[in-house]
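First chain A sits with chain B, and in the next complex the same chain sits with chain C.
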Partner chain A sequence: MKIAPLGGPLITKTTVTAAILTVLMAGLILYRFVFGLGAVTNLNNGYPFGLWIVYDLVIGTAFACGGYGMALLVYVLNKGEYHALVRPALLASMFGYTLGGVSVIFDIGRWWNAWHIITPGWANPTSVMFEVGACITLYCLVMWIEFTPAFLEKWAPPKSRKALGKVMYVFIALGVLLPTMHQSSLGTLLVPFGFRLHPLWQTHLLPPLFLISALCMGYAMVVFEATLVSKAYRRPSEADLLARLSKYISGLLVAYLALRWGGLAVEGKLALAFDSGGLSTMFLFENLLFALPILLLSSDKGRRNPQTLFIAAVCMLLAGSLYRLDAFLLATDRPGWHYFPAIGEILVSVGIVAVEVLAYVVFVKMLPVLEVADEGGPVLHTVKRADLAATTQE
Partner chain B sequence: MNDDSLTAIETKLGLSRRSFMQFCTAMAATMGLPKGADAEIAQAIASPHRPPVIWLHFQECTGCTESLLRADHPTLDALILDVISLDYHETLFAAAGHQAEAARKASMAANKGKYVLIVEGAIPVKDGGIYCKIGGQTALDMVKECAAGAAAVIAIGSCAAWGGMPSTGPNPTGSTGVPEIIKDKPVVTIPGCPASPYNLLSTVVHFLTFGKLPELDEKGRPKFAYSRLIHENCERRAHFDAGRFAQEFGDEGHRKGFCLYKLGCKGPETYANCPSILFGDVGSGSWPVGTGHPCIGCSEQGIGFTKPIHALAEPKYILPPVSYPRIVEEQGQGVSVASAAVVAGIAGAALGAGVVMGRNLGKDKDDKSTGKD
Partner chain C sequence: MALSRRNFLKGAAAGGAVAASAAAPAAARENKTLPPKAVGLLYDSTICVGCKACVKACRDANDTQVEFNTAEPLWDTPLDISGHTITVIKLYAEGTADHKDQERNGFAFIKKSCMHCVDPSCVSVCPVTAMTKHPETGIVSYEPGDCIGCRYCVASCPFGVPQFQYDTAFPKIVKCQLCKHRQVDGKLPACAEVCPTGATLFGPVVALREEADRRRALPPGQPTTFSRKTVGSADTHEKAVARYVPHTYGVSEMGGTQMLLLAGVPFDKLGYPALRERSYAAEAETLQGGIYTGMVAPIALLAGLLFVAHRNTKHDADKPGADGED
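So, the complex of A and B:
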């Protein structure tokens, strides 16, 4: 039982498809850089945030909270048995965040000034945008450092790994702190929307709701990915681990719903949940998607069934995405303004997913990311603390 | 300064102490003087010593004197007449004829090297200066005579500063400004048609307080008043930058107070502090551009009275932007069939993949459960 590269051919149907979509995206981005946002997107002054911010950044980084969630679980709550899930989760988070961060540059009108965001003297440290921008940039860097052992194991002498191992705890700590900051700040970003955001979403609890739902989405992504990967590469299922993990997820979902509804009750807005027309439907659908996984994962049988787990994970991913989509676009009141993503915008977002898939596949095949079974032996996920220490040293 | 001297000011100038101190502070601020200068100014003005001033009029309309007298600042006329000793001023003199000329000569002799000479109006030099005479003496001769014994020479108005309107071609009398004639001592020029009375007042008060002239530029203009283009501080500047121009008098842009550049405003090539201190003490908007007329560049040689009023100015260094933001903002359109189809396609594919994936997982589990143990 060890972490090792999976190996296998790099040119497959999946990678070729992803590569084509990536090239398409690169062309569109180049076109956008030369001819401006208007040439590719449907953005306007009423809708300066469109698909690229809402999907690539806000939803994308929440999807990429798997690494954050696993680090929280393994290193902060000291649940060493989940260690096998850390590195793949970290890898996905690393790509999710890096591409989310890069997509901000696509979305900035004068993209050549993007470095101003985090440069002292140019940056505006009183802005919540600065908090999000600086924090995400820093977190991307931290994740690449956290992932460095995988590169070192492949290419560098063991000595270098030891040196890095000594300071790694700093980056792991930052890797937990930074997402806590910016995932909640993404909620704070909506506070300045004021009355333009429907009161069902404009609540005092925006930051904790964004944070908790991001964690839910992160864990859901870990489950989703683990299921997908074990299926795609015909690896032994990590169902045992996932079953235990899903207990924590249920707890988070309950906390989210309690805050969501409790907050509305305290602010006296419960009636709005039912008499806001189309937005009520969106709100209830959103909450249904948050509630459904609790039901699915309530029994031990459900938690151990990969199919149920998969459905629950998809529900959570959809729930968090819909919450963000509603809060950033659909539940905002901008009289006279219209927005629907242009084909170019959609293709760029699709391209970003393609890059993530492509890079993930290449990385797991070439670098030690996933646990592989020793020849013939069954995979047992009863890793003890001592084993964890050993794998960290490896 | 003590209470006694302030009380003396009250009686001497008919000003309350508060108004007096406000005036001194305003003077200091106009000239951009450091903190504490207001107190020095107060001291200088309050002192019983009044510097004699000789004020000459030549080829001009008396507009500078008129605007100075009509400055609405509390009893400004009283201040300027009581603080300085105006020994000769053709418009304000009670005396006339040879009596007046005698007073001038007497004052010049008595205060040689101490009096301030203020010149208003251009000086004709053609044919020996015979086109402007006072008491039989040519303007040319008179200004030379008076400047010889003056402590400071101030040329007020565009006419005295550089020739102004009388010097505009064909200029049959050969009108020129004072600096062209008085070469042996610095001449402060305060151009404008009329010049802002506060620029003159500030210069005089500076001289009174510090015993020297304020810092001047290469054309002899006090830097505190003439170092910036009108365009720099113009209240309509934002419209220029945004590309909102009045195209003709009375059009929509003109009524809305847009930039007057396209109506020939000379603000972009004229140096003066009009937009900062305004004119005539009647509140905001009380200067040409504020009232909706383009600046004619009256204070600038080669522009005022030379360039046609409605000819386009040549911006000195503040240029219009290369492109302007759109006036009509596109508000975006709703869903297009194509993009909706793409979204639907992606959603459908994702759904399909999800369902297949879920089914396979179910199958997998069955395989496993059968194969297990």
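So, the complex of A and C:
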């Protein structure tokens, strides 16, 4: 059992479709750079943050928290048995974040000044946006360094890998610290919105709520991708690993809901959850999506059933996405203003996902990312008795 | 071995938590206070006649382009402040709209432009210091050369003031800067200079507040003098005092603003929402500062993570056959 390139043809239906969508996106972006944001988007001065910020950046980087979640589990909590999930999760995170960062360049009006945000003299430490911008930039860099061994294993002599391996723990530590910082800050970003954000969402618990839900989404993405990859490439399922992983996920979901409802109770806003009209519906739907996976994953049978596990993962991804969509767009009150993304805006977001898919497929086929069996046989995860005993006790 | 490592981890986590909680009770960031030589505007809705001379003068002074919102593009018709319009005069009309400065069956004019907050959100949230507040005059300025166009100021302003230009490849944020370029030459903000009734009045904020108090203290109907251009100027006219709502908007809202408003119709009807005194800038900075003061918590967390990651990857690498990250 080793980590190796999957091989196989690069030109497939999936890659060709993704390439077409990528070209379409490139055209739209060019148009935006020549004629301004209004030529492609429906952004306005009531809703200055639209699909590109809310989906590509805020939701996109939370989807890309798989690498963060797995690093936390394997290198901090020292659960070495999940090692096989680390590299694919890291790869997806690297693309998710990098493209989230790139989409910001499409979105900001004066993109040629983007470097100001990390330059002393311009950088403003009181700004949450500064923390988010600088931290995400740094994290992208850290992830590419963390992924470097995959390039080195393919093309470089073993000596170079050894040197990098000696300092890798620094990047692993940064790779856990940075997302902890900016994923919580993405929540803090909303505090200055004040009364414009509905009180069900406007709370000082925004930072921990954004952080915990980002971790849930990250782990859910690991489950989601592992399931899809094992189906797409007819690889043995990693159900065993995922089943045990889902225990941690349930814990996080419970923590999120406790904080969400406990916070409302302490702030005396519980009634708002039921008498805020359409927003109550959104709020309750959001919470239902967070609660459902706890139920699905409560039994050992549920955790070991790949289908149940997959449904639970999808619920979590939707839950975290809806929470972010509500907080950034639907629950913000801008009298007299309306926003719904334009076709061009949607196609750019679709294009960004296409780039991620395209790059992921090329990478796993050409570089050592996924675990493959030595002789082409099935991969069996041998789990030490002690490890099993430890996990069941927790 | 596994057990001791587990205990160590718990210890490291506890250490991190202690460091984080030590940083948490950092002093709350209070509202900022009015700068010593703060200048601003007093807009009195009850003496505004809706002539829009200020809108035209603002266009000339700041070189903004006219906006057409009627079928025939014959005259300047901005609907609100925008990426090309820094100030507008709007009309409130209710029912039969017969009586000036009356909420029911009445009408009133209202000016919209930057409030020049004492503790501005836009300055606090700008990631690249493109929005600044002058330490003496308190004028909130925008520097396009610094700006990245992220529009966080647009999203965060409680008054919805900064306006982004979506219709150009080289957009800027547009907002009133109190004609600071004219003040350098000893001139007044264009809107105050041209106002025929003194409805828009320029002056030191302290003097403007006193003038607002004076007007509100007068009995409705009593003739009194109103200055034009600047507060206390000799250029005056006499007019009967209207019935004011008992509040000067901008004295307390969000920690105060350097543009003050008087009106005969409740402010929330005129597009000025009721706002608390504690500024959002102070609240957000308190929360963010609680987490990041002196970077103590992040550094403590990083130290713990470095230690743990070092230990755990070393252990991985020692195992024969394990591939680790090396």
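As a working rule, the second predicted complex is superposed on the first by the 379 of 394 C-alpha atoms of A that agree within 3 Å, B and C clash if a C-alpha of one lies under 4 Å from a C-alpha of the other, contacts with A are read in each partner's own complex, and residues count from 1 in each chain.
Here, a contact is a pair of C-beta atoms (placed from the backbone, for glycine too) under 8 Å apart; a residue touches a chain by one contact, two chains touch by 3 or more.
Predicted, not measured: the structure shown is a model, and the values here were computed from it.
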item	value
Fit-or-clash call for chain B and chain C when the two complexes are aligned on chain A	clash
First, second, both or neither for A:Leu37, with chain B first and chain C second	second
Chain B versus chain C as contact partner of A:Trp144, first or second or both or neither	neither
Touching partner for A:Phe285 - first (chain B), second (chain C), both, neither	neither
Which superposed partner A:Pro341 touches (first chain B, second chain C, both, neither)	first
Touched partner set for A:Arg110, first chain B, second chain C, both or neither	second
Which of chain B and chain C A:Val350 touches, first, second, both or neither	first
Broader residue contact with chain A after superposition on the shared chain, chain B or chain C	C
Touching partner for A:Lys231 - first (chain B), second (chain C), both, neither	first
Clash with chain B (superposed arrangement) - responsible stretch of chain C out of 78-86, 96-104, 204-212 or 258-266	78-86
Set of chain A residues, in rising order, touched by both chain B and chain C	43-46
Residues of chain A touching chain C in the complex	2-3, 33-39, 41, 43-46, 48-49, 74-78, 80, 83, 107-111, 113-114, 116-117, 121-131, 133, 146, 149, 161-162, 164-166, 168-170, 172-174, 176-177, 180-181, 184-185, 188-189, 191-196, 204, 207, 334, 386, 390
Touching residues (chain side chain A, partner chain B) in the complex	42-47, 227-228, 231, 237, 305-307, 310-311, 314, 336-343, 346-347, 350
Partner chain A, residues of chain B touching it in the complex	329-336, 338-340, 342-343, 346, 354, 357-362, 364-365, 368
Footprint of chain A on chain C - complex, ascending	2, 5, 9, 82-83, 121, 124-129, 144-152, 154-156, 158, 160, 162-172, 273, 275, 280-281, 283-285, 287-288, 291-292, 298, 301-302, 305-306, 308-310, 312-317, 322-326
